[in-house]
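Provided herewith is a single structure, encoded as structure tokens, for subsequent inquiry.
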Amino acid sequence: MAGTTQSQLVEGDTTASEVAAGVTVGLSAILFALAVAAMFERVSLTGTLAGVPTATLLGGLLIALGVAVIAFGVGSRLGYVETDPDASAGLVASFGAAVPWLVIGGGVASETLGFGVAGGVAGAVVAGSAAFVATAVPREDVGSTVPLGALLALVGLVFLSGTIGPGWLWNLGWEQQASITAEFLVPVATLVSALYGGWAAAKAYGRFGARGRHMGAYVLVYLNALSIIGFLFILIAFVVVQGLPGLLTGVQIGAGVGPQLFGSFELPVYAPFVMNGVALLNDFQGVLPAIVGTVWLVVGAVLFAVPLGVGAAIFLTEYAERGRFTQAVEVATNGLWSTPSIVFGLFGFAFLIPRFGNRKSLLAGMLTLGFMLLPLVLITSREAMLSVPDEYRDASAALGVSKWQTVRSVVLPAALPGVVTGVILGVGRIAGETAPILLTMAGGTFVPGAQTVDVIGGFEFTGSPPFVANPELLQATSALPYQLYALITAGVGLGSNVSDPTGFRWATALILLIVVLSFYAIGIGARYYFRRQLRHE
Amino acid sequence: GGQSGGDGGDGGDGGSDPTATEAESDMGDEPTETESSDDGGDGPNTSLLNAEGSSTVYPISNTGSSYWNSNAPPSDGEYWGSNSESTVPGWSQLGEPDMLLADYFAQKFGFEPTEQRSSPPFPTTVGLSHSGTGCEAVTEGLVDIGNSSGPITAELDWSDEKAQNTVIDNVVGRDGQPVVVSSDVVDAGVTELTGEEVRGIYQDEITNWSEIDGIDYDQEIYAVGRAEGSGTDTSFRLNMLGGADAAMPGVDTRFGQNQQVAQAVSQNEGAIAYMALAFTSETVVPVGIDFEGTLYEPDRDAENTIFDSDYPLNRDLHMYTLIEDDNPNGGGYDAREAAFINMFLNDFGQTVFVEGNNYIPLPTSDLETMKEKVSALATEDLIMP
Amino acid sequence: MSDSQQTRSQTETRTTGSDQPLETTSGETVEETKDEWVEYDFQGQAKMAAEDLDVYYGDDHALKHVSMEIPEKSVTALIGPSGCGKSTYLRCLNRMNDRINAARVDGSVRLDGKEIYQDGINLVELRKRVGMVFQSPNPFPKSIRDNISYGPRKHGDIETGLLARLLGRDESEAERELVERSLKQAALWDEVHDRLDDNALGLSGGQQQRLCIARCLSVDPEVILMDEPASALDPIATAKIEDLISDLAEEYTVVIVTHNMQQAARISDQTAVFLTGGKLVEYGDTDQIFEDPRSQRVEDYISGKFG
Amino acid sequence: MPSVTRTERLNAAAGRQLQRVRDFVDDTEPAALVVVGIIALSLLTAFVGFLAVSNLTVLPFLVFVAATGYGWVRHQEETALILTLTMTVSTLLILGLIIVFIFRESVPVIQYETATVYGVEVPGLRMFIETRWDAVADPVRYSMAPMIHGTLLVTVIATAVAGPLGVAAALFLSEIAPAVVRELVKPGVEILAGIPSIVYGFIGFTILSPWASDQFQTTGQGSYLFVGIVVGLMALPTVVSVAEDALSSVPESMKSGSLAVGTTDWQTMTSITLPAAFSGVSAAVLLGVGRAIGETMAATVMLRGVPRLTEPLVNVFYGQETLTSLIARNYGEADGLQMDALFVAGVILFISVLVISIGAQYIEWRMRSKLGGEA
Amino acid sequence: MSDSQQTRSQTETRTTGSDQPLETTSGETVEETKDEWVEYDFQGQAKMAAEDLDVYYGDDHALKHVSMEIPEKSVTALIGPSGCGKSTYLRCLNRMNDRINAARVDGSVRLDGKEIYQDGINLVELRKRVGMVFQSPNPFPKSIRDNISYGPRKHGDIETGLLARLLGRDESEAERELVERSLKQAALWDEVHDRLDDNALGLSGGQQQRLCIARCLSVDPEVILMDEPASALDPIATAKIEDLISDLAEEYTVVIVTHNMQQAARISDQTAVFLTGGKLVEYGDTDQIFEDPRSQRVEDYISGKFG
């Protein structure tokens, strides 16, 4: 049997070679970070880092990484490093190694050597298959290090020699002109090389073989997870940092500074951005009407979708026989759930607007969002009810309690946590939707505080059908996501209304984020709480 | 116990209460003209006045609206009236009325003054989109005022006669639609273009700045356009390209509003755009245009200037109102519309709202004509303020 | 314990049919060709009686021609290997099988001589009279008190709650008594009387199971069906449940499924042995079944040769 | 032969339904039946009235409310049944209404864009075989080809981002991460799903687009590449959470079985867990694709808004218009045929996403029956 | 059967600690104050040895101070009531407990004298040497052949697949042999040799379980742990598995958990009895444990008084 080496049950202490491999992994991490920094222009390609020109530094590090990786492979093959390699690096690794060489071969043949498209294809095939063979045929330790190490060294050399340096440019020569610049290529090439280098080094660290592959894969998977978290963190932090100044403009804290609530009680804070609209005489402008609009939208959508969705879920789980009908409803709800929001907008536009006074209105927006929310409520309520153990129903039935009584007194209370969580998460989603309300509700861009929608105060009774009317519901108003969209499209010209338009826009983005994410936070928190409660009792 | 429901809270169990579900639907048939039909009893209708449409007219109409909503007292000085530090322009021409801003203009049309800051006799709001939308909305009765920077005849493809019978054309100012370029283009020496060249650029015949005579700037042209259906686009096709439905294959990007155009021009290299005067800046630079030998310069004081009505791209800015049976005398205004529009038809309005936004004020004769139209509803003589 | 309640004197058990060896030639399933029938004459009243009962789950014939009378006020144990149809049989007795879509029941079951598989039978009433306790304790996620009063409330026997209080018809005194009585019957009162408002899920497994028994008793049933009520419990809790069952048999008719033969021997008055394939193979006095089974296969089963 | 059995089966099914209805009628008191009938009828009338934009809609609706109220007190069991049933039906109805209304609005332009191939007139065909969209200049054409091209590019790029990263993250969450990390990362991913698309669009428009046009020296800003990347990041949470569900639904016994013969975690993941969850994972990616296709606001604010193919077609550094952004950008000034053309875009979106959703469900259903088959 | 392999002559079982009555005063749990320790001197080599092993699941102390040596090449049965920690103990022997997040293990387990709870232990290697068969058959959803060759392939002992074929290093002959050998050892070859490419999920439960045993054997382990390997099977399949286990003990060290005492008695050489609370109460020769247990509680348990 090929490549069998009896591995040890207990591994010895960390060896020098392991330390070296670990350092190599660290080196690629540094390169990765540098590449990301360069990509976002945190590190200048033309400048210097630690006294060395950036391009030179990157090139040097890449070469060092490449040499180290090759050294491991060769050292292991020659028996200087104690490893446990398989007979071959495997198909995945071979394809992985072939791809960059394919790109390099194609690029060099067609552009650098000027052989044109046909030559490029030929070059790509030659370089790619060479890398493939070089990875697949030799023993794993060589196969998974040498082609990749060579790649790193080559890229490093190209940077070091200045072949691709600041100012390098490759005009793609397309009808609509576009070029690949060094500012783009250098970080990206470094990034990709660092990933490959890190992968190979991690394999070496794991002494190749099953464990080596495990290590290699884990490095990539962890990196991916970290990047996603990092991305999330940066995204939110960015919006917060940009938006906070606008949000905090003119904030005052102290007794009696805030607006009055319920006639007499005065809020001890005054935050103009969330307590004002836009008006000429305001000291600071704000988005209160949009916030209130969002709240009413959500309220309306919830009032529409929750009873309907929960009711339908009850019917489907408790009354309907599993069969064609339930399946059809399932397909329909899942279809509804994935229907693009803009299509809901179109539907609202075509169906609701003509029925609500032929104009965009809060009510049309509520219902449109309600339609969107409905499938989610239905799906989550259904899941929650299905996860109520049948034992409860059996127990109730065995006591001679009728079906609806059972549903009401046992199933619904037990399913409540799931339903509530689902509704909150769904609300978070619709609260941030722009597309549907764009077509059904959107009102002004800069709405004065006095025009904040007042649904409750808007009800009127009339003598003719439908006997009750509410002009507030039938008027367009603003909502936070729409407000942000309107601010984007309104571009620079809002100076007349707002003194610091950019700050105002970021603050709007931030407040939108806060509103939506608090729904999510509450939803996630609720789920966590309910779960813990269930687990503990 | 018989058949009692059992434990307490059953009656109102949320899960199955259908009233909320359907309650909304019964309002579907609300008469559309809530505002205009309410005015049965005492005094004119004071519901929200809404305007919608052109992003070109938006600055005028929105500034007007925010002044109106502020209902500033005459002691303000900055926005209305006069104090020791400043006096609002046009104040003396109005006869220095001792009333709040909106109160003053509204009472001329029979509204009760509120005598309260930030609380006008009726509120106003202005939506931002483009001319086509505004014209559409006002004809369908969705809004009270439809803002448009192109004539409604071109926007909706109407005959003059239909336009006259359907809407009142309130012209509140003028725009000398400039052609603008990004600052790098100016730096490369482009300060004027011929009409031919502009046409060539937008019809995809010229794609690089180096193709312009005497310019040595190898940069692809980024031709920015406005949304199809916007007044600016329509006027540009009409006045520059030779017809409201002229083709524009050269456009690289279209934006919904003037504001976005300005932003795109300032952010990108090699950009050219057509827009409204209100949106030019140091990074969005208007260039002179040479029409058949006459160079119109972006300078108020030049001999031939784009601020002049001779400039082929010069255009009127409209606030259309719908002729309706519900209106007094079946005319083109209700009291709110007339009162609001009247605010723009005097020195104060022209200076603050039109010139203040870098547009061109109307000549006095035009103002008089417009005033005659609104005066049908006025409770006092408008011509002598 | 079972002796103390042994009141019947004359028993007869007959088993016909061939006692084939369990193992047949090739397949892994047991093939039986001949039908077997079982008769057991006991003294006293039959509370329930199944006659020629067949149950199918889809195409799966899970219970085959079972006829069996259940004597009043005694404990009847059903034993047999896993999957032989004990639970299926039990669920026929209060028509809980109706709740399984795939299940189809043929034959007759009578309660006090009244056929329960006929049109117009009131399931609610039936299940009030034939209560059930399940394998794993399944209290509702409510307070202990609410668990007990749930059934009576839903039946309208007790009015409580906000509306009742508003209307002045609050019967919380009646409720209190009912809860106390049921819990005492289930030998749980002493352990929980000072925390009736705690969530029932906070009780230990054995307490939960007794709570379920109390809940079952609260609607005053005549027959109590129990499906392996102690299998999820530890020895001490099991012992308590066993004691309880013996006590209950003085007032109620108890039918219990168990996989623990010792348990059946300890607590039941008569035992029915089902074997794989859904057949009732032997039914008779518990003592007789365990000491002197007629059928070889029952003997094999009881002595632990399989199962 | 099969058709016979099929009709038979259908007949049998219909018969069963009928039987159920008959049973219900038999088992229910006449008074309750009347109430249930009134509820159903009045609601139906109200619905028809609403559809017909009638002022009298409120009357049957009031009857419905009254009947429901009465039924709730006197015949709760039956009222609850009929109410939940109508709620279920309304869900189906909404989907039906969406289909009817967006299809209906799109008919005129489909007729307008009729093209003749081999002497056969095919309505709507010209929208797909020509590439010109011009709502103003003659000849007025509403080709969908540029938007389909754009949507396709964006979706492909988004999938290339969301697919691998999402699956890797799902693997991390369900198989690798220690419990503490999982408890933190999972909500993180969900929060990512919560960030409104307009916020992404805003950042993309103000930060990414100018940066990208700099990097690639394009004429002006707006590129499919970056819209695709942003949309991919937005679709990521969908992929992660669905794929994670699929991966963790692979029975632990299977994973333990693999580990117990002495394999590494990674080998277990790639050889056992991923293949077993393959259909679920692909359903996750499919759902991500669906999200990407339907994503609107980020595309709208980042794209150029000129419906035109990029040149060459693979030029992802330019971003013209997608189906979604076409609608969002043009609904305002559009009227007549142009508005109808937007509905065509809506129809295309709706159908493709529906097909994807059904495909994903089918795949998941197959996986469940496969995994459920053993144990 | 167990006699045939009985090679030890001298056995000694000692149980110390008080045999308190099962039931204590109020609570439902058994309180034991004194520790018990169990020693069992057998002839021959100890293959594995646990010393003072404690396992906690969160706050739950599931295994208490268990010390126990497992003799080489014999069958050791672990019995005890549900939840007493048998599975927990078994999973300690190949560190499968590492996969349970809440689990914490204290103490020492040695394999051939080498501590397996130490840093730097190669889990992959350990689990290769200490194989495991689970309660319910868990074949991979792959072909029968792939199920068997899975382990060796992953260990790089056999190269197959596309790449290997491309490179001309395909070892399908070696694979064929390995599959045949493993299946024969697991007494499954005759039944499946003509459908090695069929999906393993299509096999019957008993066949699946033997397949899992074959899969375990394919990596040539030294110890085989089995957690109730027959509990999900019918009597005939059970009998086959039991025969198989007896055969395996000639070459391998087998540790088996079973809830079926007759099974333990039939197949094991020595038996360890765990009782609730996670304690090892008695450990000794199977015959002795079943015929003459030292502890009253073990006797109660074995005679079916509880559990």
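So that you can tell them apart, the chains are marked A, B, C, D and E in the order they are listed, and the count of residues begins at 1 in each.
The rule we apply is simple: a contact is a pair of C-beta atoms (placed from the backbone, for glycine too) under 8 Å apart; a residue touches a chain by one contact, two chains touch by 3 or more.
Chain labels with UniProt names: A = Phosphate transport system permease protein PstA; C, E = Phosphate ABC transporter ATP-binding protein; D = Phosphate transport system permease protein.
As the structure is a prediction and not an experimental result, all values here were calculated from the model.
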Trace the shortest sequence of touching chains from chain A to chain B and report its length in steps.
-> 1
More contacts between chains, D-E or A-D | A-D
Going by the average position of its CA atoms, which chain sits the greatest distance from chain C?
-> B
Find the geometric centre of each of chain B and chain C from their Cα atoms only, then give the gap between the two centres in Å, rounded to an integer.
-> 82
What is the distance, in whole Å, between the centres of chain A and chain E, each centre taken as the mean of its C-alpha atoms?
-> 46
Express in whole angstrom the distance between the two chain centres, defined as the mean CA positions of chain C and chain E.
-> 36
With chain centres defined as C-alpha means, what is the inter-centre distance between chain C and chain D in Å?
-> 49
Where in chain D do residues touch two or more other chains at once?
-> 50, 53, 55, 57-58, 76, 80, 83-84, 87, 219, 263-264, 267
Residue numbers in chain E touching 2 or more other chains?
-> 124-126, 129, 154-155
Residues of chain B whose C-beta touches two or more other chains = 5-7, 10-11, 16, 18, 21, 25-26, 28-29, 220, 255-256
Touching chain A in the complex: which residues of chain D?
-> 13, 20, 50, 53, 55-59, 76-77, 80-81, 83-85, 87-88, 90-92, 94-95, 97-98, 101-102, 104-105, 165, 168-169, 171-173, 176-177, 185, 187-199, 201-203, 205, 214-219, 233, 236, 263-267, 270, 287, 290-291, 293-297, 300-301, 310-312, 315, 317-318, 324, 327-328, 331, 342-343, 346, 349-350, 353-354, 356-358, 360-361
Which residues of chain B touch chain A in the complex?
-> 6-7, 10, 13-18, 20-21, 24-32, 34, 47-48, 50, 55, 58-59, 62-63, 66-67, 69-70, 72, 79, 117-119, 123, 125-128, 140, 142, 220, 255-263, 266, 278-279, 281, 357
Any idea which chain B residues touch chain D in the complex?
-> 5, 11, 16, 18-19, 21-22, 25-26, 28-29, 129-130, 132-133, 136, 220-222, 224-225, 227-230, 233, 237, 244-248, 251-256, 264, 267-268, 270-271
Which part of chain C faces chain A closely enough to touch in the complex?
-> 94, 96, 99, 101, 123-128, 131-132, 134, 136, 138-142, 150-151, 154-155, 199, 201-202, 212, 215-216, 218-219
List of chain A residues in touch with chain C within their complex = 321-322, 389, 391-402, 405, 409-410, 413-414, 537
